[in-house]
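In what comes next, chain A is part of two complexes: it sits with chain B in the first one and with chain C in the second one.
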Partner chain A sequence: MEKIIGEPKKAFMTGNETVAWACLAAGADIMFGYPITPQNEVMHYWTRLAPKYNRNFLQTEDELSAGFTTCGAVQVGKKAFTATAGPGNVLMQEPFGMAEAMRLPVLSIIQQRGGPSSGTVVYSQQEVTLTTYGGNGEGHRIVYSTASHQEIYDYVIKGFNTAWKYRFPTFILGDGYQAKMREPLEMYDPQDKGIEIIQPYPLIGIPGKIGEDREPQHLCNIYSLEEELYEVVMRVSAEYESISPEIVEFQARNCEDADIIIISHGVVSRAADDAVKILRAQGIKAGYFRPITLRPFPQQQLREVIVQSGAKCLLIAESAYGQLEKLIKQEIYGETVKIENLFMPGVGIIDFDIIKKVKSII
Partner chain B sequence: MSLIRIALAGEGGQGVQAVAEILTEAAYNENQQTIYIPNFGLEQRGGVSIAFIQFSDQRIGAPKFNKADVVIALSGRAVARTAGYSDENTLFVYDSGFDFDKEDLPKEAKKIIAIPAVETANRVLHPKVFNIIIMGAVIGLTNVVSFEAAKEALEHKLAYKFETNPDLRELNYKAMEIGKQMAEKSLQEEVDNNG
Partner chain C sequence: MEMLAPATPKSWYLPTKPHKFCPGCGHGITLKALGEAIDELGIQQETIFGCDIGCSLLAWNFFACDSTQTHHGRTTPVMVGIKRARPELITIGYMGDGGGYSIGSQHLLNAAVRNEKVTLILVNNTNYGMTGGQMAPTTLPGQITETSPYGRDPETTGYPTRGPEFIAELTPEGAYVARATVSKYKQLRRLIRNAIRNQMEGNGFSFVEVLSTCPTNWRTNANQTWNFLEEKMEQYFPVGEIKSPLGKGDK
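What follows is the complex of A and B.
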C-alpha cells in the first residue's frame, strides 16, 4: 500500500483535517459529499489532498445523493466514504438504510451539530439516536464515538477495516468541537503500526459463473414476500449479535470501588475523566466508564462494572437530552442501580459541571 | 506550567482567530499541550468572534471552559460578551481605544486593565498589525510561549506575505515587541497604582 505519512509524525491540526489525512492513509479511493457545517473542512482538505495522491471526490446535489453514490462506489470495490452533520445526517438515513439492507461497507464521518432541524452549526451529541438507530431498520450499524484527534485518526483507519471486514455500515461519530478544534496528534501509515489494511473488493460484476464457480450475490434492498424479509432480518440480526463481542470497545477507570460511576461518550468523556481525578483527590469514590462503540454497546462490560463495584449510582453526562441514557437503559435492563443524569443538550460539558452534579447527588 | 485558559474576543475581521492559531502553533512547536477552538456560531459573520485557547504541560480535557485565566476583549461588544468568562481569578484586559458602557465590565476579576493597542496600531505602526500587537500583549501578560517560538510561528503563517513584501516582516516583529512591552507596562502600572 502507498505510504502517505512516511515516518510517524506529530501534527497540530483540526479534527476535520485529521479525518482527511486518516482517510488518505487508510487508502480511501473517493469521497462523496455535500457541504454542511461543521464537517465542511473534511471536504475542503480532502479535495486539496486527493489529486496529489490520485484519489477522487464528487460533490453531489444533496446528502441523499452523497449517501447513495457512496453506496454505489463500494459495490464496484472502491473504498468510499462520506461526511455529514445534522440535517444532512437525517437525509442520509435512507442511503444508510440501504447500506444496512445490502450489507455495504460504507464509512461515514458524522460531526454532530445542534438540533432539532438546523439547530446550531456548533456542537452537540444529539445525533446519537439517529446514527445508532436511524432509518427504517434495526440499527445494524457500527458506531465509534471518538474523543480526541488521535482517536479520530485511529478510528477512521479502523472503521474502514471494520466496514470491509464485517460489511455493516460504519460510523465515526464526532462533533463540532472535535471538528473545529486544533490539538496535537501522531499521524502514521497503518502498516507501520502493524495494522493490516483490508483491501476493498467488488461486490458485483465478479468473475465466475453463478452456480458453478461461485454463489450468486444477493445485494437486495426489497423483497416480494414478507417471509423473505423476515428471514433476512433474522439472519442479519443473528450475525450482528455474533460479531458484536469482537467489535465492542470501552474504557473503564477507577470503577472497582466506585460509589458513583460517571458514564459519558465522545468529547464529554474528557471532562468526565478530569472530573473523576478531581473527585478522587477529594476523597469521593467516583468511577469512569465510556462506551467507545455506541453500536454495538459494551453491555456485558458495563453490567460487570456495575455489579463488581457495587456502585450506588450511575451518572450519565451528555450534550443531549437523554439519547445516551436511552441506549444505556435498554442495554442494562434489570440492573437496579440508581440512574442520575446531567443533560446539557447542544452545549459543552466541563469537569466543573460534572463535579457539581456529583456533589449534589451524594 | 499548569493549565492556562485564555479567551480572546474581538469583532469579526480583527484577526483574533489568526492570533490564536499562531500562538497555539508556537506552543505546539515548544512541545506543550495546547487546544484552540474558535467559536463559530452564525454570529461570527460580522459579530463578536471568540477564540478559546488552552495551554498546559498535561493532557487537556474539555475544549471549552466557563472561566478564563485571561480574557482579552477588543471591542465594546466583546467586553459585554466575555464578561461572563471572568471570575475572581481572571485577568481581564480590554482596549482603551473604544467607548463602551463601563457597566459591561465584569463584576468579578482579579484585575482589570486597559491597553492602548488600537491607538498604537493606528498612530505608531499600521492598523493591519493590530492583532499582532495583541499577540505580543498576550505573551507579555502570560508568557505562554517564548517570543522566539511566536516569531517562528508567525513566520510560518505569513511567509507568503513576507515573500512579496519583506518590510512586513519587520513591521510584524515590531508590533509583537510593542505589544509585549505594552502589556508588561500595564501590569506594572497596575501594581504601582495598587501600591
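What follows is the complex of A and C.
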C-alpha cells in the first residue's frame, strides 16, 4: 500500500484535517459529501489532498445522495466514506439502513452538533441514539466514540478495517469540539505500526465471466415473505452478537475501590478523567468508565466493574439529555446500583461540573 | 407439432423466468428491449443493473448481469456512486416515474446537471403501481387514481411532469435524452441502445423515459389499455429523441 506519511511524525491540526489524513493513510479511494457544519473541513482537506494521491471526491446534491453514492461505491469494491452532522445525519439514516440491510462496509464520520433540528452548529452528544440505533432496523452498526485527535486518527484507520472485515456500517462518532479544535497527534502509515489493512473487495462487478465461471450477483434488500426477512434479521443478529466481543472497547480507571463511578463517552470523558484525579486527590473514591464502542456496548465489562467495585452510585455525564443513560440502562438491566446523572444537552462539560455534581451526591 | 420457445435475450437470467410483472404490464417489453440492447452491444459482462423500489424492483434478478436494488428514488445516486468508483463498468439504472420524478427528483436533476456518465431508464405508467395505483407526477389531467378519485385536477396538483424535456434543458451537450413507448418496439430498443452507447462513448448523462401500461391499476381491458397508451399518453408525452450527440437524430 502507498505510504502517505513516511516516518511517523507529530502534527498539530484540527480534527477534521486529522480525518482527511487518516482516510488517506487508510487507503480510502473516494469520499462523497455534502456541506454541513461542523464537518465541512473534512471535505476541504480531502479535496485538497485527494488529487495529489489519485483519490476521488464528489460533492452530492444532499446527504441522501452522499450516503447512497457511498453505498454504490463500496458495492463495487472501493473504500468509500462520508462525513456529516445533525440534520445531515438524520437524512443519512436512510442509506445507513440500506448499508445495514445489505451489509455494506460504509465508513461515516459524524461530528455531532446541537439538536433537535438545526440546533447549533457548535457541539453536542445528541446524535448518540441516531448513530447507534437510527433507521428502521436493529442497530447492526459499529460506533466508535472518539475523545482526542490521536483517537480520531487511530479509529478512522481501524474503522475502515472493522467495516471491511465484518461488513457492518461503521461510524466514527466525534463532535464539533473535536472537529474544530487543534491538538497534537502522531500521524503514521498503518503498516509502520504493524496494522494490517483489510483489502476491499467487490460484491458486484466481480471477476469471472457470468455463465462460464460464475453466476450473476443479484443484491437485494427487500423480501416477499415475513419468514424470509425474519431469517435474514435473525442470522445477522446472531452474527453481530458473535463478533461483538472482538469489537467492544472501553477504558476503566480507579474503579476497583470506587464509591462512585463516573461514566461518560467521547470528549466528555476527558473532563471525567480530570475530575476523577482531582476527586481522588481530595480523598473521594471516584472511578472512571468510558465505553469507546457505543455499539456494540461493553456490557459485560461495565457489569463486572460495578459488581467488583461495589460502588454505591453511577454518575452518567453527557452533553445530551439522557441518550447515553438510555444505552447504559438497557445494557445493565438488573444491576441495583443507584444511577445519577449530569445532563447538559448541547453544552460542553468540564471537570468542575462533574466535581460539583459528585459532591452534591455524596 | 414442435413447440418453439420464444426468443429471449441472451442477457436474461432464465432461472427467474417467467417474470413476475402483471399480465399486460409494459415492464416486460421494456426489459426485453433492454436485454436485446445489452446483447447487441455485447456488454453483459461489464454491466451493473440497478433497480428502484416500486414495480421496477421486480427486475432485481431479471438479468444475467451483476445487479443491485436500492430504495425508492435512490437508484440514481447508487449508480452514480458505482460509476464514479469504477468508470469501466456500464451502469444502467431502472426506475419508475414516482421514483425518478418525485421522491428521487433531486438526484435525477443533479445527476443530469453534473452530466454523470450513467444510463437511466424511467418507466412512466402514469401512476404508482406497486403501492396500489396512487397519483404520480405523470398522471394525466382528469385521470382517476386512488389519490385522485375524482380525476387529477391540475389546479390543485399541477400538470404532468414532462421529464425528458426538463432533463434536456438541464444537460450540457453530450447528454442523450429520449422518450420511447412500448407500443413502438423497434424504436424503443433503438433508443435504449443509443442511451447505453452514449455512456460507453463517455459522452454524458443518458436518459430514456418509456411510456408503459398498467392495466391492473388503470382497471382497463386490453383494448382500453392500448388506447390509453397510444391516444392519451403519446399525445401528452411526445415520443422520440430530444437530444443526441450520436450523429443523426431519430426520424
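Quick note on the criterion: the second predicted complex is superposed on the first by the 349 of 362 C-alpha atoms of A that agree within 3 Å, B and C clash if a C-alpha of one lies under 4 Å from a C-alpha of the other, contacts with A are read in each partner's own complex, and residues count from 1 in each chain.
The definition used in the following text is that a residue touches a chain if its C-beta (ideal position, glycine included) is under 8 Å from a C-beta of that chain, and two chains touch if they have at least 3 such contacts.
Remember, it's a predicted structure, so these values are computed and weren't measured experimentally.
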item: Clash or fit (per the criteria above) of chain B with chain C on chain A; value: fit
item: Which superposed partner A:I206 touches (first chain B, second chain C, both, neither); value: second
item: Touching partner for A:P184 - first (chain B), second (chain C), both, neither; value: first
item: Contacts of A:I349 with chain B and chain C, given as first, second, both or neither; value: first
item: Partner with the higher number of touched chain A residues, chain C or chain B; value: C
item: Shortest CA-CA distance between chain B and chain C [superposed frame, angstrom]; value: 28
item: Intersection of the chain A residues that touch chain B with those that touch chain C; value: none
item: Complex contacts: residues of chain C adjacent to chain A; value: 13, 44-46, 48, 50, 53, 57, 60-61, 63-71, 74, 76-82, 84-86, 89, 106-107, 109-110
item: Footprint of chain C on chain A - complex, ascending; value: 29-30, 32, 56, 58, 60-62, 64-65, 67-73, 75-78, 80, 94-95, 98, 202, 204-206, 209-211, 216-222
item: Complex contacts: residues of chain B adjacent to chain A; value: 21, 24-25, 28, 33-42, 60-66
item: Interfacial residue positions of chain A with respect to chain B in the complex; value: 12, 37-38, 120-122, 176-178, 180-184, 267-268, 270-271, 273-274, 348-352
